[in-house]
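Attaching a single structure in structure tokens format; questions to follow.
Labels run A, B, C, D and E following the written order; every chain starts at residue 1.
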Amino acid sequence: GTPAAKQTAASCVSKDLSSTQKTLHFSNWPLYLDEKKIKQAGKKVTVYPSLAKFERESGIKVDYVTDVNDNAEFFGVVRNQLADCQPTGRDIMTLTDWMAARMVNLGWLQKLDKTKLPNVEANLVSTLKSPSWDKGRDYSVPWQSGLTGIAYNAKLTKEVRSFDELLTRPDLKGKVSLLSEMHDTMLFMLLLEGADPEDFTDAEFGQAIDRLQKATDAGQIRAFTGNEYAQDLVKGNVVACEAWSGDIIQLQFDNPDIKFVAPEEGLALWSDNMLVPNKSEHRANAEKLMDFYYDPVNAATLAAWVNYICPVEGAQQAMEKIDSSLVDNQLIFPSSDTLAKAKDFMGLDEKTEQSYQKQFAAVIGA
Amino acid sequence: MLWLVIFFVLPTIQLIATSLYDPNGSLDTGYAMTWSFSNYWHALQQFQSPFLRSLLYAGVATGLAVLLAYPLAYSIAFKAGRWKNFMLVLVIAPFFTSFLVRTLAWKSILSDNGFVVSALQALHILGPDGRLLATSVAVVTGLTYNFLPFMVLPLYASLEKIDLRLIEAGKDLYANGFTSFRKITLPLSMPGLVAGTLLTFIPAAGDYINAELLGTPRQYMIGNVIDSLFLVQLDYPAAAACSVVLMLAIVVMVLFYVRRAGTEELL
Amino acid sequence: MGAAMLVLLYMFLPIFFVVLMSFNDPTSRLSYEFDGFTMANWTDPCGPSGMCGSVVTSLQIGFLATVGATLLGTLVAFALVRHRFRGRAATSLLIFLPMATPEVVMGSSLLALFTSAGLSGSLGFWSILVAHIMFCLSFVVVTVKARLAGLDQSLEQAAMDLYANEWQAFWRITFPLVFPGIMAAALLSFSLSFDDFIVTNFNHGNTITFPMFVWGSAQRGIPPQVNVIGTVMFMIALLLVLGSGVVRRRRPAAA
Amino acid sequence: MVDTTPQARSGADRRDDAGADLTLSSVTKKFGAFVAVDDLDLVVEQGKFFALLGPSGCGKTTTLRMVAGLEEPTSGTITISGQDISRLKPYKRPVNTVFQNYALFPHLDIFENVAFGLRRRGVKDVKTKVDEMLELVELGGFGKRRPPQLSGGQQQRVALARALINRPQVLLLDEPLGALDLKLRRQMQIELKRIQTEVGITFVHVTHDQEEAMTMADTIAVMNKGVIEQMGAPAELYDAPATTFVSNFLGQSNLVKAEVVGRDGDTVVVDAHGSKVGAPASRARRTSGTVWLGVRPEKVFLARTGSESSDGGNHLGGGTVSDVSFIGVSTQYLVRMPWGQELTVFEQNSGAREAFRPGDPVDLHWIPAHTFLLDADQDAHAGDESYAALTGSVR
Amino acid sequence: MVDTTPQARSGADRRDDAGADLTLSSVTKKFGAFVAVDDLDLVVEQGKFFALLGPSGCGKTTTLRMVAGLEEPTSGTITISGQDISRLKPYKRPVNTVFQNYALFPHLDIFENVAFGLRRRGVKDVKTKVDEMLELVELGGFGKRRPPQLSGGQQQRVALARALINRPQVLLLDEPLGALDLKLRRQMQIELKRIQTEVGITFVHVTHDQEEAMTMADTIAVMNKGVIEQMGAPAELYDAPATTFVSNFLGQSNLVKAEVVGRDGDTVVVDAHGSKVGAPASRARRTSGTVWLGVRPEKVFLARTGSESSDGGNHLGGGTVSDVSFIGVSTQYLVRMPWGQELTVFEQNSGAREAFRPGDPVDLHWIPAHTFLLDADQDAHAGDESYAALTGSVR
């Protein structure tokens, strides 16, 4: 057998060598940091302006690696080490809410020192201040946020307003895709059932699963996808789908027919969070970086490039100077109204998480 | 050998052990060794159809790969002359672009509004609503494509060493082109053919990326199941049990196949 | 030959697409459509940050893994075909198992192994290399064995009769005769290694390989330069063979 | 076993048919710039046993391969029973080959190797026929073995059986008995000849065994450097060789330089180093000027110098025995003549006559009818590759 | 070219060394249950030319392969110069082989094939030596070709050159000349013999050419079914065969059933179907009871019945010529005797004596000294595989 993977602050103590080692290993999703091409010694090279600025100001050398492609996959990569209380070689890793929640539950993260995070304390948008899984933001700091909703191709279909239409409209049959991540999709199924995704029962979840099952059985849904839906949408392989806001902004630059809608049932708000894993020896350095990106100007610099929702209060104003065309983009700076309506998925304990994942997997076929 | 023992035998033993852990364990509580052979029963029961689908898709893809690879390997071995090496590299060169890029290209080629589908619709092979993408056709096409070099290269290596004088002798003994192929070339290339089918079938049966990118959950193979059990559902015992079943099934089939093909020397 | 050309065409179908896309001027990052012609990707192949670095890493690992796996695999194949030792049958079967192991399982098993050996902090180039050699090995063994099966042993015997010891008989006689098999195995190894994402992903530490880069960037749209790399890799491979062909044809003339 | 009635013999498609005329017209085969077969003309009559002889590398195998369809002639045509087969696929030709290198199928056992042709033609009762054929080549009970498990001679017999069982119209045999010991070879020769006579197959037989060619063939062609030097019945070639090459290649010959000095009825008289020697005009390729005077070693008998008169017979005197070697049935003497040349004489070891020793003075006698005359423009040692070696020999 | 002084001859590691004693003691080789070589004892003296003769499949190749180290004996030991080499690796043995199937390296050109052994031993001046050797086997100028581009005989010569160039202590030749025409074969024989005598290599030679064995070998061993039947000098084996197998295998023999009836000094007198015939006691393997009375066909001469007296000579009367065949140097007669047996007689075609025709009544005469007597318990036709075929022959 294998022992429990749970760790506690007592069972897994990490040293902090930040005072002597001015380095930081940062694992992030690809294309999730502002880039710029410059000429250097006659050759074009790509640099990360904001990160470079951080390095200059802090004197910390950042080893920035874009090796998070998928939450579950990444979990597989680090779970052995974290369960064993061994180093992962990373100081910051950026993971989505539900995965961050799991890490918190398992005790695999280092508690952050709030006193080192004045900008975060001051500028984190209020809607994100207290997620169900990390009430006091003791372990996590949002990097970027985004909305999950519906996208459709206006050239190929008439307006799609709700998940209900997505699952039942006959003209969409076989031309609809949903996201393959359980939390994304089930949040809307729960809303359709009239349940509160932030507080629901096993029974409600069961009904939501049944509804999804029905739609799949009917052949309404063509595929459950990751990011590939974007291509399918452009190509016309699907005409309407569950989608993430940041992707749709990208598509809209090129193809104005692609529309993003806030479904009648509601919106989902998620964030990818910076986390410091156990055995990281540079927590203080990590905190410096977190705080750096909560400076509104730095945040706006980042947002102007990645186009996701900026979780930093004051960035919208700072954006004026950086790219005024984006200041009023509802998908980057949604109104606090929109944000207030947005839902989050309830934090789950390990057993429940596993059970829900199983039920969902059974429906989508894997 | 030591290499294999360290990097393969040890993990395999661990895998078998995991497949017998308590299915009710979790990361929270840990997994106890309870010798739960029922994990296998459950795996077989619950994932019967992806299992069968894996074997079916892999089988069909292997068959198609043989049909495509044989003429190619044959031409390279016997007809290419000094272009031999060049053509060999042509076979493998497409695989130096990235897997994902290739598959995305396939997605484009097979997309609902792409020329292939349009052509097939015009020929009434596909209905007006018919599609290729997100069907088993696309998955099998992808599998076939991606494992083709694994068929071509061993076949080539085996064909290349055939003594042409034997084929001549066959022709002299009234075997026409096809018969001498069937009775002489084919049996003599058997080691290559068997190796090729193994190199294609085995990884194809365990593959999940083609099903994931070109298919839908209806086309999911056992690889997708294991992937999901392992990474998403975190049901390690079930994942291990499925893996062990897959490995055993393949080993049994390989043994049977190799015996039938009369190429025991490959074992 | 006609059929062969058709098959080659089929194999190249996606590649035409890749070449085409290398000249693409995409209107958005997520588009994988041909939107317009540009040379920009070719004049700035290393545009996307980290991409060229990952290509170099992948090439290094691909090369070393090919050499390692081909060497080791060839030896194993020989041992299995030529020597009757106890456990030979078991070993032969063992060779098939890694191929039958789903990549997720193999990747995580190796990671568990590295972790339990206390190496988790130093994962990277070497752990990837080890993993790649591991999974290429079976392919090499099977391919080389297929060539070796039924190879006329009287030639090796003749060599031994002419004072070649086992090693020389191998290098001078067997190796050249088995070479097409070894070459095929090496090509397969390289493509396996150069294309691997899953096993690598588990054991990569802080090293990014080209497939990891592509996989990752796919989440936000593949930069068109990836197609440039694809095209270049492809052309380099062709030029290498053509080049070696020229050299080989010149050699007798020089001698 | 096989239908050999005349009615059954016609129809090019019937394999179980009797032999057929084989014609090669101006056939040339080049490998790159190298001419392996040079403008060859050849007619092998239906049902005949034709032997092709010639030194190593002269183009025998290449010729057979063109007939079998395994090599395409660079130019020229090949016909069987008048039908042009030059561009026909090998498997469409009513021809089978026993390959010099055997070319046995390694993946099939002996039985299946032999059965191969029958199975291709859908012949029934394969088992009986193959078993019979294996018995014939003395390999009954070897059916289940694989080729590498046989000795060289056994493999050759399988190759023979594999071709023979098909009873083709034309059977090409490329040294089919080379790896067999004398006894077995003789036996196989008899079998071959029997089958050939019974079934009337046309045989084209390449052999290095001259006795084999002599005893078995209806016609012998002596080939040299891609060209046929002489063709005819065995005795004709042997008794009246047309060229020095043939005289030396087929058996041995003593060739002595001589001048034609006159004619006496049917006899051409020549002067050889002072001795007058007669030869039948019918066996003289040249009747004036300088010629090669030829006589076979076995036609000559030795006598102690002066001991026998040469009344009416030919005679060269004043030799000294320089070498004696025992070769079983006979003894070979080398005799050094006064003009320095060494001549060869065979003496059967009947035990009835005295044996000579090196140093003994001897005369050579033979009957004029056994003399032949050749054009002296040719090299006396053509076809006698051992000449240089012989003269340099230590023995 | 090679150091052949006696001092240089010792030391098993010196390859360029002279020949060495080769001993096989109780060597047995089984393939599964099949015994290919059966408890063989053999001594080949240093520098001798040893010929191994025997029917196809009798175990000759297997024996050579064991000496070369390519096959491991099931039991028994092999020594060279007293050193046990039974378990030595092939490349450690001072032995080279000319393989029956040539085993040329297909990926190397002819030059490199021949140079292979020299290169392995790091010998200098490879080019000169190889070129010299290629000239010797008449393949100068073929160095750049690949084996498949050569004719059968050319390939065999390459195999010969490849082994010969190494001048090993023991050279194993497995039918090294089988694919060569007679002339070339004779020339190569002379070359082999010259090299052997000059350098003193020990040769073990498998051949199907009896003349080759007779003329070249110091010692001949006749092998049958994995066992050596008789071993000795060529003339000894020929004149006084120990068994019916040897008498039939080495040359031909007439064996007539007879009863020993008495003794007359050194002569054993037997009664053969009513005729009294004498044989020297020294050549009688049995001196009482039933025996085989043996005489070689070439020792016998034919006379028209009653035309010659048999004063002091042996004589069997009342035969009828049943078959005549011309075989170049001589004519072969089959004579049917009154008791039904067919006897063979060779008559050299000297042209000096009259030729008989089928049906002619003849007597057989020969000198008693050429008679031998064998144990009648043996099969008279052992070693004469053509017997069955002959008797069933249509000719």
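Points worth noting:
Here is the rule we go by: a contact is a pair of C-beta atoms (placed from the backbone, for glycine too) under 8 Å apart; a residue touches a chain by one contact, two chains touch by 3 or more.
What you are looking at is a predicted structure, and each value in this text was computed from that prediction instead of being measured.
When chain centres are defined as mean Cα coordinates, A lies farthest from subunit D.
In whole angstrom, the spacing between the mean C-alpha positions of subunit A and subunit C is 35.
One finds 91 Å separating the Cα centroids of subunit A and subunit E. Chain geometry summary: the mean Cα position of subunit C and that of subunit E are 58 Å apart. Among the residues of subunit C, those touching two or more other chains are numbered 32-33, 104, 108, 112, 150, 177, 215, 218. Among the residues of subunit E, those touching two or more other chains are numbered 101.
Counting partner chains per residue, subunit A has residues 73, 76, 228, 231, 235 touching two or more of them.
Touching chain pairs in this entry, ordered by label, are A-B, A-C, B-C, B-D, C-E, D-E.
Contact residues on subunit D toward subunit B in their complex (touch as defined above): 15, 68-70, 89-92, 95-97, 99, 101, 103-108, 116-117, 120-121, 162-163, 166.
The touching residues of subunit C, when paired with subunit A in their complex, are 26-33, 35, 44, 46-50, 104, 107-108, 111-112, 115-116, 118, 120-123, 201-202, 204-206, 208, 212-213, 215-221. Within the complex formed with subunit B, the subunit A residues making contact are 1-6, 70, 72-73, 75-76, 79, 83, 105-106, 174, 182, 216, 222-224, 228, 231, 235-237, 349-351, 353-354, 357-358, 361, 364-366. Only residues 1, 3-4, 6-12, 14-15, 68-69, 71-72, 74-76, 79, 82, 85-102, 104-109, 145, 148-150, 153-154, 156-158, 160-161, 188, 191-192, 194-196, 198-199, 202-203, 205-206, 208, 222-223, 226-227, 230-231, 239-240, 243, 246-247, 250-251, 254-255, 263, 265-267 of subunit B touch subunit C when the two sit together in their complex. Those residues of subunit B that touch subunit A in the complex are listed here as 21-22, 25-34, 50, 104, 107-108, 111-114, 129, 131, 133-134, 213, 216-218, 220, 224-225, 227-235.
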